[in-house]
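Consider the two complexes below, in which subunit A is the common component and subunit B and subunit C are the respective partners.
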Partner chain A sequence: MATSLTSKKPHELLAAQADRMDVATAYFGLPLAEGADPLDRTIASLDSLVARVYETRDNGELWLLLTTLSGAFPYDRDVETALRFRDEHDPIAFTDWVISASAISPSASGSSTLPMRIVDSVPVIDVSSCAINDRQTGIQRVERETLPLWARDHDLELVAWARRDGSYRSLGEKERRRVVAWGTHKDVPADHVDAPLELLVPFRTAVVLPEVPNHDQSGRLRAMARHSGNAVTAIGYDMIPMMSPELMPREMGADFLEYLGVIKYTSAVAGISQSATNEFRGFFTAVANEHPADTTVVAVELPTAVPEKELAVARDNSGELIVLCVGSHEPRKNHGTVLHAAEKLWREGLDFQLWFFGGGGWGTDFDDLVTKLKRKGRKVELRKAVSDSVLWDAYRRASFTVFPSLHEGFGLPIAEALAFGTPAITTNYGSTREIAERGGCIMVDPRSDDEVHAAMRQLLTEPVIRERLATEARAIPLRSWDEYASELWKVLVDDVV
Partner chain B sequence: MAHDETSHASGSPDEKIAELEERIHEFQRTELTRWADSVAESQRVFDELERMKTTVSWRVTAPLRAVRRKQLEN
Partner chain C sequence: MSFESSTRLRVRLLSPAARRAARERVLTVLEATGRPSTGRALDDLALAFASFDRAELWLALAVLHGELPAASELRRVRRIAELDGPWAALQRTLTVAATGGVYPSVRVVGSGTTLLDVTGLDSSNTETQGRAIARSLASEWVTAEGVLPVTWTANRKALRALTAEEAAELGYPTPSVSASEILVPHDAAYVLVGTVDKPRSSEGLIALGQSSRNATASIGFGLGRLIGAEAYRRQEGEERFSWHVAAQRSFNTLVVVGDGIMEHYRGWERMLPAVGFEGPKLVDIPVTPAADGVMSLDDWRAISHSVGSAIGIYVGQ
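Up next is the complex of A and B:
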């Protein structure tokens, strides 16, 4: 939707620039430029705004001036150069410089023709990925459960990055529904006409990052966190690309390092588990020598994402033994160990089904291994794209789940399985240990094939232990999305503005 | 000022200042126009790349790019 694929002509860019300058001068109560010529209007507004920037010496106002002139959020280097030029030269020289130099770099990828609105009275929530695609992985699920509750209880502004990634823009109706009314976004009529998009500029407010931005966005967000006067805050999912780089694709590592450059200057980070929080605290400790942190880093633990009506349906695992393994197929998830243990158990004469639910994946020979096992007649099932309801049904039918992940930020499949009263085998450290310590689980060293094999053998052959763990699982109190959303708002919004 | 070495012979100091201000203004207009030209050109190139990605030839060569990506990953 949204931004058209039509390049703008120079005169349209100049007219939009003059309009943006009007918005900024009006915001500061300065006299509006007169006349019809956009070039003259921009120059007149610039004179007023530069005079103000020299008078107040407020770095945030300088950041806003650069954003307004170019129609895109500046990078660190743009703001730093502008600050130095401001301190070394008089307003006339600065005006010439800001026109001829600083405007080029940030605006090459900016959305320079959208009308601008400054958002200063409500928090701005960056929901780019959640708004523009239908993926429903962990991060999107957190957003689609939390943001409807935030929108119900608070005034806020949902934003996405503009197509060329230079600035925030407003959302269309379908995008908005993807975030706060998931499932109804496909009901938006084909002939629905959205209100014109706006370029949204947060100023002296909270900017919340519930997702991980790409490297270009991170470059601009770092400057925003450092210089704009906005309090940038984030949900801290994990530090896996930095702590376990051998388990992640190389390009993801590069993006994540840029993201850490933003995190370093945030006002607050809310970790999704104690383990994830400890990782982010570790990062701030590591950089403390050169960057004494005043960032609040606290755990706001995720709830269990299962609708109550689903939990009300009785479990049905009276038939054949089923072992369920949920997650994408990548080195970190350690599915090779599960396949190895299962093959040993089949060879030992045990009879059971092994179900893998999860799409995507990279960097493993998982598909080949499954094909070979199937050729041997092993009961291994692979489902790559499943709906929530199919997944919930699988949890109900499974005898137990196996989740020996090598590194997790939370461990949603374990929490979900336990919510259904399904026992689990999982990793004996990190966030999965936090969940497992509440009961219903056998903990193993995921790097030990023998421990995974022994735990699976025990649960396949000892129904009494399965039942004991199921009873423990059913007794674990469930945390609600309402509780999570409320605590998260306090940490990421209320406490920073 | 009794005598200004920098003044143009045909103008008073006030006229000279006005002329310089006018030249600065023209310089600023030129620079803003160049900025708009440069942004428009970069956006045109960006959009052309986007359009290229919707073509049949881009789609039929997708497997080649996927193989290359795998090679780089491994």
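Up next is the complex of A and C:
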């Protein structure tokens, strides 16, 4: 008779829990429980582990015990309850509480059946989003450039959240390639069989967050950062969801605010620009009274993400004037201002093409405006999904780029354009100002239609200015991904463990 | 068909009630902006549109639409006017104004009046120390000359006076202004003492702070809901508080009232350059709880007066 999954599952869960207890017991050098019955083994291991945790008073060991029991990282409230029982009750009462907590796992997402491995000798890098999907926007690009270099130079463990977000797990081959060998992940044969996945538990090591976790993950990461003894560190991209709700899809800020609850307890945050770093420093100033932190917040500025071989190809902008605008079509990118300025310039009799490269978008009448302009015969080109090579080619052909974003953590399109020697018009504050101050740019108030119009007019009509800015742009020293990866490793790993 | 012809046609196609309301609003705009009225309301308005500055355009849209305009709508109309002339902008404006189907009367509230926004101070919200202080401050101030307590219309797009019931619940005198009228401040003062965390209202306030000719101020009771959001249950909508703070960003003055919360705003101020804002002038009015938890009436009056003076409620006193 076939055994149904539901009748088999409790046994599997108990066996997995007993196996995890064995791993933790062995990790602490305690005698392993004997016997075949998983419940007996768990109870036997529990005795020695609980006794140790009670005796050492090490919060990290308590966090590890809770993770081991449930198969999921505990939340703050789980750890705080456990701490209270440990600190306010005798060993017997504490043991009773741990046993009851193990019967009802501290989290609904616990009780994984994956075999557990404790990772304590190498840093753990959370690459969940980058590993499981093919999106290639700003954060994923940073990860896919940096992590192959880290993997080349250091031992590390790449992890993703398990399906129900309770704990970290190892990656499959396709997922791993998405992170460290982008582009080759599609080559993984359909019949490829991954090694069995493992539940990975970082312990007394660095845990690096190069992406922003979701609400539930943040709840667990906060407890990890506070109690586990791991040094949790993060790349700080920006504070847009908190500071500029009108520039975000509505009600999208909850995950980010929960993430700030993790940031509060991190050991280090590496801002991607000085502006982004100041935003995170501002956050730590704001919470200083309630939460005096010793988090290191430093700027590790992003490099210019252009392969050298692409930069070696000469610019070819001898033909018609082309204005390039790169980015998704959302209120923050301010493309309506560019369209308005362009239409005024066309009406003034100037002849040029306007190219928008970038997919997606929300919350603007951009598509309607473009349709209307095209109907009038204006030379507007819209490319929603472009490969890197097409984008590089566009930078080479563009007379200049316009990037009047209202809030940026960095401003990659500006840095990329300048790397190709293409002049740029950009925002006169924040991270884009930092980039523009090195040369090659005209800075404008992005909220001023007149300033954007005047700057575009100047670059369309004054080739001498264009050439001067192009010369300035070519003289800007380029920062490499190697430099970035190396500095980032020092701040987020070496300096914290 | 020219924009002028199509605009005139659209007006002719309005119902008599809508046409009357539109005419009334147009006359209100002309009067409030000091533009001549020759009796040909539409022509006069088109002429005025051609020369409106930023604040006058804000006022015109607020009155004609019967709601505080969002920055995106202001931008859109300004661009239409620039590219296609005042009749095109007028057409857009009147089209938007006609979409609601109802036309409450609009009153421009001018110089010498402070609109005190008490949204969220009623008993339907969870009591917090900040809200208790805000309620006490507001109670103190509504008795001052020229202070008019207001809240938002049901669609969150416009300001109105309180109903008699709302005023009674908060312990205020019966309002002298009808709650059915839309209130548009111009050369007046707007003070946010409550909480405005609905996106549309906040968008209206952002534009009011950036584009209108009103003095703007608010009271800050701390940013705990943003910077300590993990302590709140998710369904409390703590992320919407960022809309309240975004509105405060564009005001002239922010008076921080409380015990040791100035650091919240100093940190926030440090983040503002990334968004291209200087932010409001921060004024710190510490309120340290008395040892027995009860503040003397004299102490309380002094604090209320300090805060009121900082935001311009007690001018010259």
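The rule we apply is simple: the second predicted complex is superposed on the first by the 479 of 497 C-alpha atoms of A that agree within 3 Å, B and C clash if a C-alpha of one lies under 4 Å from a C-alpha of the other, contacts with A are read in each partner's own complex, and residues count from 1 in each chain.
Here is the rule we go by: a contact is a pair of C-beta atoms (placed from the backbone, for glycine too) under 8 Å apart; a residue touches a chain by one contact, two chains touch by 3 or more.
Treat the numbers as computed from the prediction; the structure is a model and nothing was measured.
A.B. asks: Just subunit B (first), just subunit C (second), both, or neither: which does A:F352 touch?
C.D. replies: A:F352: touches no partner chain.
A.B. asks: What is the contact status of A:H11 with respect to subunit B (first) and subunit C (second): first, second, both, or neither?
C.D. replies: In the superposition, A:H11 contacts subunit B only.
A.B. asks: Let me test your reading of the model: by the given contact rule, A:W150 touches which partner, first (subunit B), second (subunit C), both or neither?
C.D. replies: A:W150 sits against neither subunit B nor subunit C.
A.B. asks: Which partner chains sit in contact with A:F203 here, subunit B, subunit C, both or neither? Use first/second/both/neither.
C.D. replies: A:F203 sits against neither subunit B nor subunit C.
A.B. asks: Classify the contacts of A:F420 with the two partner chains as first (subunit B alone), second (subunit C alone), both, or neither.
C.D. replies: neither
A.B. asks: Touch check for A:Y484: first (subunit B), second (subunit C), both, or neither?
C.D. replies: neither
A.B. asks: Determine, under the contact definition given at the top, whether A:M242 touches first (subunit B), second (subunit C), both, or neither.
C.D. replies: A:M242 contacts subunit C only, not subunit B.
A.B. asks: Once the two structures are superposed, pull the subunit A residues common to the subunit B and subunit C interfaces.
C.D. replies: 250
A.B. asks: Quick one: in the complex, what on subunit A touches subunit C?
C.D. replies: That would be residues 76, 215, 218-219, 222, 238-239, 241-246, 250-254, 256-258, 260-261, 275-276, 278-279, 281-290, 331, 336, 340, 343-344, 347, 365, 406-407, 427-431, 445-447, 449 of subunit A.
A.B. asks: If you look only at subunit A, which of its residues touch subunit B in the complex?
C.D. replies: 5-11, 13-14, 17, 39-40, 42-43, 92, 95-96, 99-100, 103-104, 107-110, 112, 164, 249-250, 362-363
A.B. asks: Any idea which subunit B residues touch subunit A in the complex?
C.D. replies: 24-25, 27-29, 31-33, 35-40, 42-44, 46-47, 50-51, 72-74
A.B. asks: So in the complex, which bits of subunit C are touching subunit A?
C.D. replies: 71-72, 75-76, 78-79, 82-83, 199, 202-203, 206, 223-224, 226-230, 234, 238-240, 242-243, 246, 260-261, 263-276
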